[in-house]
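The structures considered in this document are given below.
Below, chain A partners chain B and then partners chain C, in two separate complexes.
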Partner chain A sequence: MNFYKKWFWPLVMPSLLLFTMVILYPFIMGLVNSFLAWRGTYYFDPDTGTRATSMFKSFVGFANYKEAFQDKRFISALVYTVKYTFIAVIFVNIAALALALMVTTITKRSGLYRTVFFLPNMLGGLALGFIWQFIFQIIFTDILFSPDALYLPFLRYMTQNSNKALFALAMLSTWQYAGYMMIIYVAGLNTISADYYEAASIDGATYWYSFRKITIPMLMPSFTIVFFMTLANSFKLLDQNVALTDGEFGTRLLAMQILRTVKDTSPPNYGKAQAQAVIFFILVAVITLTQVAITKKKELEM
Partner chain B sequence: MKKSLIVLLVLLLAFSATLFAQGSAEADKGYDIYVYNSKGENAAQFAAMCAAYEAETGVRVKNFSIGSGQDHMETLRSEMNSRNKPSIFSIQGIKELAEWSQGGFALDLNTVTTGDFGKMATALPQGLRLTSDGKTSYGIPYNVEGYGFIVDRDMLAEIFNPIPVDAVLAEIKAASYEEWAALVKAIDAWIASPKAMEVKLNGNTHKLAARKGPLSSKLNGVFAVMGAEKWTYGDHFINVALNAVFANDIEANQADTAKIQSLKGAFLAYAEALDLKTSYLAGARGKATRGQDFVSSANFGYDQAVQIFADSKAVFFKQGNWAFGNIEGVNKAQSARLEFVPVKMPYQSQDVKRTDGMTVAKLNSSIPVFVPNYYAVNAMVPKAEQQKAFDFLYWMNNSATGKKYIVEEFAFIPYNADPNTTTVPNSLGNSIIDYIASGNTLTAPYQGAPASWSGDVVGLRVMESYLTKRNWTKADYEAIANYAIEQWIALK
Partner chain C sequence: MKELTVVTSESMNEHYFLKKKIKKVLLHVALTLIALYTLAPLWLLLVNSFKNQSEIISSPLGLPSSFTFSYLTNAAKEINFFRALLVTASITASSVLLIVIVSSIAAWIMVRNKGTASTIVFMCFVAAMLIPFQAVMYPLIQFFDDVRLKSATGLVLMYGGFGLSMSVFLYHGFVKSVPLGVEEAATIDGCNIFQMYIHVVMPLLKSITVTVIVLNSMWIWNDYLLPFLVIGNSPTKTLVLELYFARITAGQFGNPWQLIFPAVLISIIPIIIVYLFLQKYIVKGISDGAIKS
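Right after this comes the complex of A and B.
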């Protein structure tokens, strides 16, 4: 222990330095830039209509934030992201819980199944998006659900319709995250002592009754973690969105909208994009801080 | 806690200090000039050219070419923010120029009047200059490009057998839109059952062949179209219509609301021409129609459409001479026989609002020829480096080695080529040079329209709401035209 106490600062310094350079400094600069008329490579002076001679001359106050909220595309991307988050959270939670229950009930090869269900999480977002684009465009539309085979019009052309794409993205997310969330639920299920179930079955409880009265209440901490993690992940979704539809047919999520804001203006309005990014950060921070507060409260109660 | 805060603040300060510290300005950067090339397709050849320049003159050229198909602006902006800014960089039109001229990065070449480069800059034709008001000049053109309907001469020869192909091509180029539409429908009927039917071209009657030949038996449709790529019908197809009102991109950039609303007739013509083009589609496995399959990138993306045309399944393919390499890669024999036919639209004479003598007949027999990309010199680098950049650009466009690279290795049409004497080693390039020599050229006003208007707004709406519809009505033409006009006004 003394070794770690003595060498605390040298050991911690590299990570701290990296954190400052890559996360803290860009964040502070970004916050500052959201109040300026930043154009990416220079600052714009709104009073003279030319390049600003110093950073401070291009101060525009809350104008960038006002523009961001008045931007129709930003608001529609925000609404679309909320709709997607709602669907994804439900799908992922149900899938993860079902998988966890399955994996803890079977006795043979449960380790193998756990690994297999977890594997999709290892793939990067872009690769995932392109794989599923192929699946939706060719396998679903032309092979599996075409008029010649099992005809299910809802599952065809899913990437070409704004509402169907919500479910397409949700399927993608479930495939990617269910395994990861399953691990959390498995850990939670393993903390429930078998005595409770034995006592319940002796008293004549059915499987569903003991599931409702024992499993679910005792899983609340895991559920809180999974719920908020899925919430934050869904809000931040970018790579999969770009790869699957590139925002066409009205399927632009919030992160992608921020990215494309600089392409829609000439000269590129980086100040406005930065303001959108700060709003985005506040939304995700609110979600995450709520999660931390609730789990802290639950921990004390346990 | 207080100690951690102090440490954090010290860290921040130390880091900011290193950021803002100015290194010695005279320190050797390891190169003499730094060229940023935003055309990814000729990356290897560009590097070879820079090495040849270094061998000849001893000037060290550091060059960077963006990956093909990637967004070059983000990388260029981070290079501009660094200490080693590019001495020469790319600007792709007046919308990109806005950022670089406002930031003071683009050097106005009108201020360079001495030396070889000064002469070259002064000699730039006014129509080829990169300027948003006509008084400045911010770059040296990479090349000139053009687009239209690409057609295989041998295919036309079989369809019109035994009439000589050159005669037929000349008639098609001069034909009116009504004759063109009739020709398209006739070829469509001919593909289904070939017989010697008559078509009128340029006022003269011609007969289609009585039976199919080896190439034409593979046909299953008239047009190869990339339904999934918004920029073909969003940018380039609508650009042809813009030429009815604007003479160049500067006029489009400065257009007021009244001028934009006068585009209504031209846009109606655009919608009708697009309807014609997408009603007679060729597909990979047989005749194709508009619908959800048509806009799927799995079926009608760039590569798929090139394949359809190169497999001789379609007669016409609207693309530019930049696609030559792609077609050559799939069907080398066919790529030597290609020529451009103009994109025709059903304009009325009152739709043409230009005052410089443009007529409907000229619009329908010309192809857009424009400069897609410019080399700009960075005004923020030291004067000595700027001079070296001038020398490099002069060498590239005037020396024997430089010109050889431009014409043969990059497959460009040089901007300073004499159209009456120049030939390039690719069929589409020579076709464009013929149009330049005869004066039948249009420009690219769409580059002066608001930033995302053509491809990402109009093109997107056409793709999502119209290319998935089987039948279009006159009301659809009206809707498309009105949408294009209101969005231009809204995005200005």
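Right after this comes the complex of A and C.
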């Protein structure tokens, strides 16, 4: 098609320009800077102890990476993020799938329920984090689970303990994201023809049996998407973390650790923060690609 | 013997329908409870926006003892509500407009002009979806500062860049399913490429455009980190930023809930209104987006 050919570059150019400016160039610079004694506004020359005359004089090899791995806060944020992601992915997925199965079974008022369940997604993580902070600190601690009421010590002071805060954060995320993931599961469930279930029930299959043998396999494409989204979202979570505990009591997730590293160090050590960011990128890429490869393989096997 | 079987099957039938009905009722009860659980935090937000600090702490669940808008107006002043709303709305609208135009036209021409270049460019966009924001944020801010674009304009460009990958991907998938016939007819009629894009292609992409608009506006409107890094504590803050700074400045000595609740409430009212009016499109946009990807 000659008609389109001569217009290819002019029409792709605006997007390429934006892409280069916002993602490609900063990404490459990020990789480079993680090997330099970068201080944000200038490069430091470790040999002379002053500002480097050129950025190449500021080369420090893997020193930033070494420093990152020796930083207790980074390691603890890394472990905390992995734990959180594990819990959140399970919580959100179970809740979302259960909601999807329930709203597709009923016909009356199904739309209303969906509207309500999806609502929390419209609101920002920061605003919701503030509300939930109040719930954990006042409602849970002083009212619902206080010694005078339903005494459940684990659900009290949840924002002031690193292990409890993990669950607090997961509860908040489940409350917020389950409705979104439900929509995706509902879309998947709607593609499964009712004929399969009918045939199975004529053959005397129980609900549980057809769930395992029909629903789960047919829902594989949805699992791929939902797992991808929940994994990536949990790993990169920031706003809720800031609003709920602000990283106090050892509750920093990786995204916040990278953000706060430049505040922890003086002068701000952007090189080290950037090294952590590169490690973060590698982790996100490896985890999500592995997950997609595994679920895609399962899709084909089914 | 024969009679007996009929009777049993009838009673079994009845039993079956009764069981089904009970199941349905139980399902509705469960769903209603979950819906109440979902709405409970928002109920707390609503009732506590009309109380003073001590009443919030002493009776957080009940209705306010006296009804006053003073906490809301006070909070509106504190977070410069109308200015922040205008700032947030214009940043979100310009960014989404930029994303829609740039990514739809790029995805369209990439599908229509297949080749190595087209494939490579598309692959770059898709691969970029794996890059988390944290990996590029510091160099990005530095670069935009160097070219004097650390401003609201720069923010719009950044959102344009970040929204691009997913949007190109969605449009690309959609354009592939749009038949060439109409466009061929338009060429014969002497349409040039821009007329074709505006009058022929864009109308065909309406449904996927809804998805792109929904997905992008949702995160741009509520985004905290990028405006925090770019605009920071300058006079033209977005709603989320205003909320964040109000919380920090007031919250150094404990939690001033009588400010936080009404501030959160008024900052989310615009989205709630939009959601109530457009929820059909929003939910459809999300589920279409999920199926396409």
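Structural remarks
In the analysis below, the second predicted complex is superposed on the first by the 274 of 302 C-alpha atoms of A that agree within 3 Å, B and C clash if a C-alpha of one lies under 4 Å from a C-alpha of the other, contacts with A are read in each partner's own complex, and residues count from 1 in each chain.
By our rule, a contact is a pair of C-beta atoms (placed from the backbone, for glycine too) under 8 Å apart; a residue touches a chain by one contact, two chains touch by 3 or more.
Values in this document were obtained by computation on a predicted structure and should not be read as measured data.
In the superposition on chain A, contact is made by A:Val284 with chain C only, not with chain B. Shared-chain residue A:Phe3: touches chain C; no touch with chain B. With both structures placed on the common chain, the touch criterion links A:Phe249 to chain B but leaves chain C unconnected. Shared-chain residue A:Asp264: touches chain B; no touch with chain C. In the superposed model, A:Pro217 lies in contact with neither chain B nor chain C. Measured by the number of chain A residues touched, the leading partner among chain B and chain C is C. By the touch criterion defined above, A:Pro46 lies against neither chain B nor chain C after alignment on the C-alpha atoms of chain A. Residue overlap on chain A between its contacts with chain B in one complex and with chain C in the other: 16, 21, 24-25, 40-41, 134, 137-138. Within the complex formed with chain C, the chain A residues making contact are 1, 3-5, 7-8, 11-12, 14-16, 18-19, 21-27, 29-30, 33, 40-41, 99, 102-103, 105-106, 108-109, 113-128, 130-135, 137-139, 142-143, 175, 179-180, 183-184, 186-187, 191, 222, 225, 232, 235-236, 238-239, 242, 254-255, 258-259, 262, 270, 273-274, 277-278, 280-281, 284-285, 288-289. Within the complex, the chain B residues that touch chain A are 7-8, 11-12, 15-16, 73, 77, 80-81, 95-96, 98-99, 102-105, 292-293, 295-298, 450-452, 456, 460, 463-464, 468. Per the touch definition, chain C reaches chain A in the complex via residues 24, 27-28, 30-31, 34-35, 37-39, 41-42, 44-45, 48, 56-57, 60-61, 98, 102-103, 105-106, 108-110, 112-113, 117-118, 121, 124-125, 128, 130-140, 142-143, 157-158, 160-162, 164-165, 168, 187, 193, 218, 221-225, 240, 243-244, 247, 255, 257, 260-261, 264, 267-268, 271-272, 274-275, 279, 282-283, 286-288, 290-291, 293.
Listing the residues of chain A that touch chain B in their complex gives 9, 16-17, 20-21, 24-25, 39-42, 44, 50-51, 134, 137-138, 141, 157, 160, 248-250, 263-268.
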